[in-house]
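Order as written gives the chain letters A, B, C and D; numbering starts at 1 within each chain.
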Amino acid sequence: MMEHVPISHVLIVTSAMFFIGAYGFLTRRNLVTMLIGVELMLNAVNINFVIFDRYLFPNQIEGHFFALFIIAIAAAEAAVAIAIFINLYRNIRSINVEEVDKMKY
Amino acid sequence: MILIALIVIPVLTALAVMFARDARQTKNLSAVGMSVQLTLSFYLLYLFLKERASGNTEPVLFGKRFEWYPGLNINFDIGVDGISVAMILLTSIVIFTGIFASWEVKDQFKEFFASLIILATGVFGFFISLDLFVMFLFFELAVIPMYLLIGIWGSGKKEYSAMKLTLMLMAGSALLVVGILGIYFHSDVNGTHSFNILELTNQNFSIEMQRIFFPITFIGFGVIGALFPFHTWSPDGHSSAPTAVSMLHAGVLMKLGGYGCLKVAIALMPEAAHELSWIFLILTSISVIYGALGVIAQSDLKYINAYSSVSHCGLVLFAILMLNKTASNGAVLQMISHGLMTALFFGLIGMLYSRTHTRIVHEMGGLMKVLPFLSVCYVIAGLASLGLPGLSGFVAEMTIFVGAFQHPDMFHRVITIVAISSIVVTAVYILRVVGSLLMGPIKKEEYQHLEPAKWHEKLATVTLIIAIVIIGIAPLWLSDMIMESLGAILD
Amino acid sequence: MSYVVLIIALPFAAFLINGLLNRKLPHRLAGWLATGAIGVATALAWFTAFTYFFQSTSFEKIIPFQVTWLRFTETLQIDMGILLDPISVMMLVVITTVSFMVFLYSLGYMHGEKGFVRYYAFLSLFSFSMLGLVVATNLFQLYMFWELVGVSSYLLIGYYYDKPEAVAAAKKAFIITRFADFGFLVGILLLSYYTDTFDFAAITNPNHSAFTTMTGSSFLGISVLTWALMLIFMGGAGKSAMFPLHIWLPDAMEGPTPVSALIHAATMVVAGVFLVARMFPVFSFHAPEALDAVAFIGAFTLLFAAIIACTQTDIKRILAFSTMSQIGYMMLALGVSGYGEHGLGFTASMFHLFTHAFFKALLFLGAGSIIHAIHSNDIREMGNLRRHQPVTHIVFLIACLAIAGIPPFAGFFSKDEILAATLNSSLVYFAIAAFTAGLTAFYMFRLYFLVFWNRETVYEHKPHESSFIMLVPMIVSAVGSAVAGFIPFGKFVSSDSQPLHIEMNQTVANLSIVVAATGILIAWAFYKNESPLPEKIASTLKGLYRIAQKKFYIDELYLFITKKIIFNLISKPIAWFDRQVIDAFMDFTATATNKVSAEIKGLQSGQLQHYAYIFLSGVVLIVLIMIFNYA
Amino acid sequence: MATSAIIFYTIAGVMIIFSLLAVTSRRILRAAVYLLFALAGTAALYFMIDYQFLAAVQLIVYAGGIVVLIIFSILLTTHINEKLEKPAPGKVFITAVLTLGGFVLTVYTLSQHNFIVSDLPQTEATVSHIGEKLLGYGEGGYVLPFEVISILLLAAMIGAIVIAKRKASDS
């Protein structure tokens, strides 16, 4: 169904998405919104795997597995991250990233 | 096989200690483990002497080789000669008594005993390894737990001392790495580089190479042997360390320096040693005199003993640098003798401190009356330290002096006389301490009722004293055993 | 003759038993055990002497026992052995006998002391070491026992360890002798470097080839051999309390009085004399300069100590200075002696050593008996004691007569030989020796009269005669002091082990008797009854008297050197240097590193987003570089 | 322009726009919802290329799981009405330059690279097929990573519970 769309266009879209995620990660100060940025980046990369599989190796389905595993890991990561946020919020009543710098020593 | 057991037993003991249920079990496990170790060391001595008696003249006995990292020709090479056997004996005696001297450690005792035993493992490994790389590995294994032991269980400005000690020893290690790698890359055994000491002994390194790497290696080992001016870690480190750690450190760890200098720096690079020995002779004789005179101005018991260790260990390096068999024999004897008596000193200081809660000499006095057992032991340690015949110190010092004086050079003989003068100073400071600490009237009312020595304290001190006396009265077997191994190194 | 080993082993066994079982042993048992051991040793020693001197015609060196103790090189090794020759056999007899007397005496004197067992342990250790010293087969064995003797002396001087003076005195004695031993050790090393052996058999053989080398090479204009022997003599001088290493001996009197009798009068302090006698052939043949030094030091100390003795008031200190003075005689005699036929001085010295051991031990035992009775050392607090202690009085008088050199007591004969020997050498030495003989008689009888005659003093407790067990050794020693002079010493002990025929020099004998009698008479006049005369003389000689009383301020000089110079000018600066220079440098390295890292630390803001910025910028930069490189 | 292309560009536009909104919106809950849309767009893309299973997973896990988690955490930590403060303009500028630079670089690199698109027929990625491969232990089987991921998830779950759990002393 994608015969008319060149692969590079898809890749440009995903890289746009990736850098938007990066932008979000860098500008936001709320940890949750930073996490949203991270999710966007992950998702962009995920699409890349699938698209490479679709365009370049259509006879194989390895791309599926990468995507699946990444989704699983993303889920795990989100769960742990959010657990940390909640704990952090409970301790310092804030999830502002700039206030979380105690670990530098 | 017995050599492997010598490393495995402490490791197992340390592991077992980590799983101990309570303080009692911890101590019992450590004591049992180290008793086995002690027995094993004596068995090793027996096997060694038997082997030698049966006419085996191999330079190294019980050798074993396990390939470890063939890419760089690193092997787990082990084996012992007379010197290592003697040092292993010393180590097992000191760690055995160290366990009993720290019988009353209260905080985090499991970790304490485990670190202590791991430290000893490093020392044992160091003495049996024949591969420079493995040797260095064990060396580090011995140095690192020291940081924790002083930093956590120490007293006084312990963080400062622990940091200082570790950093200075690490700086020495850094030099050592350079030295060892220098030796490695200049070696050529059947087309490959080698770390094996036996193989390296037959290498004829060029004099240019030796001139660079001899001083580096010597100073690298010299730092832990308290070579002037790299000795200041010793007084601070010893004074802050807990009792058993001081014992082990001054008793055994400082000896790694002398052992390394003898077996690596001098054995592998003899030409440069001959050429450059005068510089280090001056430094070491400064150590000897400086340490001894420095003691007089000190008033803290541990500082006193630490400076005296600087002086005595200076004598070890001094003797090694004389580059003849008699003096080197004396050096090894001195390592053993000083190891035993300084362990005894530190043990006793710890025991006194736990009762009087001070280490300042002039705050105490007349302890002979209230603590007769410990005081008599202290006097014996003192007499050993000032070289009384019949105790080990005399044997060691005299062998050094006679050996050093055999040197045909005028310079060497004059500097020997300078070193000999330290025996007078030693007598001065030992008697000062004995006089004001143990004799005279009792200074404080509360000292009238101090707790007499407990069984574990008695066990620790008596073991050390017996060792000191045996060496002092019948030194021939030990001296011959060492001498015969020195032939392979110095000829 | 291997039973000789027992002579040495028995006291050692006593030391071990008493030392190890210290508190578990009842006092009586411990005391009698040690005394019994030394008693058997004494019997054996006399038996040995008897067989050695009377059953063999020539006095060869015998080595009945020897083991290797430590090997330095293939040739250089320390043996532990027993060497019997005339002087060592003679010393065996002296040491065991005096020891036995003192052991016996101490049973009474030390009765009820808290550290009774310890006392006997140390005393046995001392006897063991001293015996080991005199039978040493080589120089190094001698040195080892020499050190052991020093330590047992230290332990015994410091016996009353809760008395600060005793502790200080013990320390002083040990350190000064240690300093002397430093010289001794260097001397041994120097000698062994050339001869490649420690063995007396080789070292004392004047024909040893090494000596030619040693006399040939010189250092600062003095031959190496002379240096070596002077250094060895330095050790001897330290132990024998020769000027200027004498200052420990008077202080050593802080120890229990029987200890002073044994160690600091009869045996240990003559070790230096023994040492020189041992090495005598070398001294005599190859280093006459060193022998001159011995004579000079001996003569100087002889006079010096006698002068001080006249001014002291502590009974034991007077005896201590007298000991120094008498050892000076022995050294002087050795110093002026020749070898072989001219070896009168050697024999005289040994003879004096022998007789001196008896009468000086007796003097100390007597002093002990007095001190025991009145609990004071100060002769100004004594007087008229002959009423209270008749036996002590008699034996003390005998000892005084012996030391003053009145015939037929022992001291007369030996001192007379010494005077004769000095006359052969130099008139100055003779004059000193003779003058001091008078001085000796004077100060001894000053002591005697002040203690036993003079005014009646009021005592807190009525003084009583000592117990039987203390009197027996005193009486035995008194008999010894009275008759020992009749032994024909030259027949047995001489520099070359050949019998030496000695004829009494009538003039010298007469002179010495006159001088001694004069001394006694002056003392009688001054001190028999209370008299203002001594005070008057003291005040006319004001400065001189004061200086002598203060022992010529030698102590203060030492104190100045050690306290002011060594402590303040060397040790303290070293401690300072260590802290402020070496340590500061190390600390500086550490702080510098710390500072730098603290500065760099700013980069580590802890802000997550800063890290992300840097990371992303880094990635972009690297990709840019890669693109431009590959383009 | 083919229909498929039109659909793709529409989806792409949606994804980009909602992504942008998700990172710029000052209302945090909205940001989460925009994220949901962006993720849903991704799912649509997967549908479009006939990867139904993946699309389903994307929807269930991402949209259903993660976004819901995020929304929960927002509810737990933030007030709904609270508006996030504006990021500093300087920061925005720098970040924009940096990310734009990165984007341009990526696009440049993409344009330099010639992708060889394969003509081979597409394999059916049916659920059963995927399932067999996922649990297969033969050639090309993924059972080991599968197990590893399972353990990871378990660990994450336990970790999350331990971290988020109130300490006994807190309550």
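In this text, a residue touches a chain if its C-beta (ideal position, glycine included) is under 8 Å from a C-beta of that chain, and two chains touch if they have at least 3 such contacts.
Everything numeric in this text was worked out from a predicted model, so none of it was measured.
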item: Third chains touching both chain D and chain B; value: C
item: B-C or A-C, whichever has more C-beta pairs in contact; value: B-C
item: Where chain B and chain C are represented by their mean Cα positions, the distance between them in whole Å; value: 36
item: Gap in Å, rounded to a whole number, between the CA centres of chain C and chain A; value: 93
item: Chain A and chain D, separation of their C-alpha mean positions in angstrom; value: 5
item: Chain C and chain D: spacing of chain centres that average the CA atoms, whole Å; value: 97
item: Chain B, residues touching no fewer than two other chains; value: none
item: Overlap residues in chain D, where contacts from two or more other chains coincide; value: 95, 98-99, 102
item: Touching two or more other chains - residue numbers and ranges from chain C; value: 613, 616
item: Pairs of chains found to touch, sorted by chain label; value: A-C, A-D, B-C, C-D
item: Chain A-facing residues of chain D, complex; value: 1-2, 4-5, 8-9, 12, 15-16, 19-20, 22-24, 28, 31-32, 35, 38-39, 42, 45-46, 48-51, 53-54, 57-58, 61-62, 65-66, 69-70, 72-74, 76-78, 84-85, 87, 91-92, 95-96, 98-100, 102-103, 106-107, 110-111, 115-118, 120-123, 125, 129-130, 133-134, 142, 145, 149, 152-153, 155-157, 159-161, 163-164, 166, 170
item: Chain A residues within the chain C interface of the complex; value: 22, 25-26, 34, 97-98, 100-104
item: Footprint of chain B on chain C - complex, ascending; value: 68-73, 76, 140, 143-145, 147-148, 151, 154, 158, 161-164, 166-168, 170-171, 174-175, 178-179, 181-182, 185-186, 189-190, 192-193, 566-567, 570-572, 574-575, 578, 582-583, 586-587, 590
item: Chain B residues touching chain C - in the complex, by the definition given at the top; value: 163-164, 167-168, 229, 231-233, 235, 290, 293-298, 325-326, 329, 366, 368-369, 383, 386-390, 394-395, 398-399, 401-403, 405-406, 413, 416-417, 420-421, 423-424, 427-428, 431-432, 435, 438-442, 475-476, 479-480, 483
item: Chain D contact footprint on chain A (complex, rising order); value: 1-5, 7-13, 15-24, 26-30, 32-33, 35-37, 39-40, 43, 46-47, 50-51, 54-61, 64-65, 67-69, 71-80, 82-87, 89-90, 95
